[in-house]
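Have a look at the structure below before the remarks.
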Amino acid sequence: MAVLSPAKTKQNSEDEPAVKRSKGGLVGRLFHGLSAAAGLTILLTLAAVAGFLVLRAWPALTASPAELQEISWFRADSLLAYVGPLIFGTLLASVIALLVAVPLSVGIALFISHYAPRRLAQGLGYIIDLLAAIPSVVYGLWGALWLAPALNPIFEWMTSALGFIPLFAGYQPPAKNILTASIVLGVMILPIITAVAREVFLQTPRLHEEAALALGATRWEMVRMAVLPFGRSGLISASMLGLGRALGETMAVLMILSPGFLYSFFLLKPGQHQSIAANIAAKFPEASGLSVSALIATGLALFVITLAVNMFARWIISRRSEFSGAN
Amino acid sequence: MGKTVKRVNNRTLASIALVGAFAATLTACGADATTSATTGASNDASTEAAADLSGNLAGAGATSVEKAMGGWIAKFGEVAPDVTVSYEGVGSGGGREQFLAGGVQFAGSDSALTAEEAAAAVDRCFGGEAIELPLYISPIAVVYNLPGVDAEHLNMSPATIAKIFSGQITTWNDPAIAAENEGVTLPALAIVPVNRSDESGTTKNFTDYLAKASEGAWTYEASGDWPISGTQSGNGTSGLIDTVSGAEGAIGYADASRAGDLGTVALKVGDEYVPFSTEAAAKVVDASPRADDATDKRLVVKLDRTTTEAGAYPLVLISYSIACSAYDDAADAANVKAFLSYVASPEGQELASDAKVAGSAPISDSLRTEVQAAIDSITVQG
Amino acid sequence: MTTLPLTPTPAVPTGPGRGAASGTSGRTRLQRWVPWAVAGGSVVVAFLVLLVAATPTVASVVALAAVTYLVVLTVVSRVVEGPRWATDRLATTLVTFAFGIALIPLISLLWTVVSKGAKVFGPTFLNTNMVGVFGDMTEGGVYHAIVGTVLVTAAAAVISVPIGILTAIYLVEYGRGPMAKGITFLVDVMTGIPSIVAGLFAFSLFTLIFGPAYRAGIMGAVALSVLMTPVVIRSVEEMLRLVPNELREAAYALGVPKWLTIIKVVLRTAIAGIVTGVMLAVARVIGETAPLLLTVGIITKVNWDLFDGRMTTLPVYAYNQYSQGGAGVDRAWAAALTLILIVMLLNVVARLISKFFSPKASR
C-alpha cells in the first residue's frame, strides 16, 4: 500500500531520450493529448468537488441565523459558531489518534525494518497491512462492543487516581468518550503510518548504518544516529497522511462516541465532542431542505481542513527532498 | 521480449476468463429468503381482487416503521404477488419530501404534515388531498440497566423521569424514586441518563411527553434532537440499547420491542402505574382528541400525554402513513388502496403487534372504520 | 545527531556487529538466556502478585509482567553491562512491545468477527437476499449486497482505472514543467479527500442534475472513484518508473513511435504491477461505508441496474442490520466477515500476481 511516492528524484533526467524525436504523427499526438486530458480530469474533479459542495452549501452559507435556528438540531448563533466545536472535536480526536499511532508505528516499523529476523520481516509487514483491510464499520462495531468494555476498568482507575488533572476528570461508564474513539482512530491509521515509515527506514543508506556500527555504536545508537534522523521528515509526512485519514473517518466515531458540541478538554467525559464526519452521518438521514445545506457546509469545512493538512505535508516532503543528503 | 508479451497475453486471457466466471457465478445463483408460496388466507373477496393487481408501489420515510413495514410487505406479497412494494427508511422529513416531489406513492412519517406541506400536497395529489393514517402506534419504553433490582417494573411519575434525565436526580436510591417504589431495594448507584444522539421521532415523542406531563419539571420544548449536552448517548436505537446495556445504572428510552433484557419503567397515569403494553398504547390513542386541522381524511391525533384514562400508556409514537386521495394512474390508486387496506386490517395490525416483528399497538376497531373510509375515498383522477 | 558523542568505546574492543550479543573483555555482556529468564520470572511474579492483590486475568498478568520485564531487564543490564547497553536493551524491548501491542487489536478484531460472524455464515447466507425477511427470522443473506458491492466497486474501477493509468502515463512519459508538477500536487491533495466529502460530492452532483430523490449505484461509484483514482495513479506511476529505460530506448532505436512504445513495451512490462496496484486500490475502497450510506442506500432485493434505484452494498448492509438489532446483529457480523474475506482475497490475489509476474528489475 504505497500511498506516497518516495524518491521522486531520479525520474526527469533519465526519461528524456538523448536525441530529440519528432512528435510521432497524428496517433502519437492524440495519445499525448489523451493522457494529458486524463491528468486534467484530476484538476477538474477537485474543482468539481469544491464547486458542488459550495453550490449545495450556499443556501446555508447565506441564510440568516434565524432561518438556521429553524433546524431542530441547530443550537448556535451562526453557522460559524455551530461548526467551531465540530472542528475542535475533529482536530482533537485526530491529534490524540496521532499521539497513539505515531510512537507505535515508529516502533513497529523499526521492528520490521531493523529488529525482526530478515526472513520474518516481510510477513510481519503483511500482518500489519491486514489492519488496513478491515472496513470501518467493523472497527465501529469492535470499538463499541469490545474495546469500550475492555477500557472501562482502565478509565475508572484513571479518573480515580489521576482525576485531579482536569484532562482525566469525570469519567462516566460506558467508555463512549473521545479517548476511546481516538484510540480506535489510532488503530485505523496505524497501518498507513507504519507502511510509509517502514519504507523510509529501509531507505536509510547502508553506509551510514555500517559506519555507526563500526564506530562501536549499539543497535539503538545506530538507529538514533542514522535511521531516525534520515527518516524524520518522511515520518512527519507519514503522520500528516495518517492525520488526513483520521480527520475524515466517519463510522467508527459515529458508533463509538457520545457526541456533544463543546470546546472541552475532558477526555473521559461523555457528550463533549463530535467530529464533522460523524455529525454528517448522524444527521443526514433525517435531514431535508436547509439542514442538508448546513450539513454540506460543515463538510466543506472538513474539505478545507484536510486540504490544508495535505498541503502542509507536501510542503514538508518538498523541503525534505532538497536536503535529504542521501543517495 | 517476445516471450514476455506472449505470457502477458495468456495471463490477460486467463484473468478475463476468471472475471467472466465470477460474473457467471453471481448471476447464476441467488435466491429469495422466502419462497412466496401463496399460502391460504385468500378466502375473502378483497384479497382475491388483490391477486389481480400488479406494478410497483414505492414508499419512503420514517425508520421507525421499517420493521413493521418489512413484515407487511412480506405478507402482502403473498396476497398480491405481482405488486412489488418497497419501503426505504430515509427518515420522516425525507419521506415527506419525496412524497411531495412525486418520487414515491406513499410515505411514512413520525409527525403529521405541516400546513404548508398539506397545501403542497394538493398539487402532488392531482387536485385531491393528502391522506394521513395513524397505522403504526408504537409504545416507547423507558429502559434501565439494574441487574440487582428484581422488581418487575420500577414505578416513576413523569416528573421523576424528567428530573432524572435533566440531571436533578443523580442516584438510584434518591428519596423521590424510593417513595414511588416501596418495598424495592434500590442500589446507591449513580444514574447514567442515555439519550439518542441522532435526530429521531422517538426523542421527539419522549421530550413531548416530558414537557406536557411532568408538571414543569422538564423545562425544554419537545424536539427531535436531545436538548441537553454533555450526556451519554447512542446513535440509533441499537446504539442507545448498547449504551444502556454497557453500564450498570444507565437509563434510556427506546422502541419498546427493543427493550430485551433491560428493565422497563411503569409510568404514573392518574393514580396508578402502567407498564407498557400494546393494549395500553392503543388506549391512549383512542382517548386522545384529533388535531385542530384534522379532517376525515387526515386522521391526525393530538396525543393526550396527561391522560388519566385507566390503563392507558401515554408514551407512544405514532407513525402516519401518508398517501394521496387521488392518483392519475389507476394501478397506483388500486395498489395503494389494497396495500393500506391490508396494513389497516386486523391481520396486518396483528402481525406488526407481534413482539418479534415490531411490537406495535393494533389500532382499535372504531379507528379502523375511519381509516378504512379514508382509504376507500382514494380515486383515480383524469 | 549531536546528542551522542561519537567516541569509539574502548570497553568493547571486538566491535560489536549487528546482533553480536557477547562481548568478551572489559564490561561483561549478559548471557543469551538472561532475557528469557527475566521474562519467565516476570510472568510468575506478576501472577503471584495479582493472586495476592486481586484476581489475575490474562490481560492483567501480561500487562504487569511486561512492565516487570522492562524494569528488571533494564536494571540488570545497567548493573552488569553499563548504561549504553541498558538503553539498547530497553529500546529493543519497547520496539518489540510496540509490535505486540499492534497485534492486540488485530487479533481481537479478527477473533470477534470470525466467532460472531460464523453463526449464520455459510453458503445459504451468501446465496440469499433479504426479500420477505422480517421480525426475528434468521433466514436472509447477503447475495444482493455482494452483487451491489461488486457492481458499485467495478463501476468505480471502470471510471478510475483508465483515468488513473492515463494520468500516470502522462506524469511518467510526457509530463514536464509546471503542469506535471501541478498534477502531482493535486493527486497528492486528492489522496486526502475524506470519504464522507466524496459522498457529499456525489450526492450534490447527482441530486442537482436528476432531482432530490435520485438514488442509484452510479452515485456511489462516482464517490468511490474520487477516492480510488489517486491511489491508482500513485501505484501505476511507481510501476511505470520501474520499467528500465533501456527497453524504451531499444524501441525508439528500432523506430517505434513513442505512443506505440508506451503501449507495447512500457505497459506490457509493467502490467503485473499495474494489476496489483488496481486490486489494492479496489481493496481500499470496497469497505467504505459513509459515502455509500449517503448515496446508494439499501433495499432488500438484487438490483442489477446501476443507474436506477437503490442498491445494497456489504458495508451499508452490515451497518443497517446492526441498527435493526435482534437477529440482524448476527447477519451484520456475518456480512462483516464476508467483506473481510473479499478484501483479503483481493489482497492475496494482488500479492500473488505481483510475486509471480512482476518484472525482475523491480526487486
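Read from first to last, the chains carry the letters A, B and C; within each, the first residue is number 1.
Please note the rule applied: a residue touches a chain if its C-beta (ideal position, glycine included) is under 8 Å from a C-beta of that chain, and two chains touch if they have at least 3 such contacts.
Computed from a predicted model, the values in this text were never measured in an experiment.
Centroid analysis (C-alpha atoms only) places B farthest from chain A. Ranked by C-beta contact pairs, the top interface belongs to chains A-C.
One inter-chain figure worth recording: chain A and chain B are separated by 38 Å, centre to centre, where each centre is the mean of the chain's CA atoms. Note on chain placement: the centre of chain A and the centre of chain C lie 13 Å apart, centres being C-alpha means.
Averaging C-alpha coordinates per chain places the centre of chain B 39 Å away from that of chain C.
Across the assembly, chain A contributes 145 as residues in contact with two or more other chains. Looking at chain B, one finds that residues 89-90, 97 touch two or more other chains.
The set of chain C residues that touch two or more partner chains comprises 322.
Residues of chain A touching chain C in their complex: 1-5, 8, 10-12, 14-15, 17, 21, 24-25, 27-28, 30-32, 34-43, 45-46, 48-49, 52-53, 55-56, 103-104, 106-108, 110-112, 115-116, 124, 126-142, 145-147, 150, 187, 190, 194, 213-221, 223-225, 229, 241, 244, 247-251, 277, 280-281, 284, 295-296, 299, 302-303, 306-307, 309-311, 313-314. Residue ranges of chain B in contact with chain A, taken from their complex: 63, 89-94, 96-97, 190, 192, 197-200, 223-225, 227, 229-235, 239, 242-243, 246-248, 250. On the side of chain C, the complex with chain B involves touching residues 127-137, 139-141, 143-144, 146-147, 150, 211-213, 247, 264, 268-269, 271-272, 275, 297-302, 310, 322-326, 329, 357.
Across the interface of their complex, chain B is touched by residues 72-73, 75, 144-145, 148-149, 172-176, 254-255, 258-262, 269-272, 282-283, 285-289, 291 of chain A. Touching chain C in their complex are the following residues of chain B: 1, 4-5, 7-8, 11-12, 15, 26, 29-34, 36, 66-67, 70-71, 73-74, 77, 86, 88-90, 97-98, 101, 103-104, 236-238, 241, 258, 354, 356-358.
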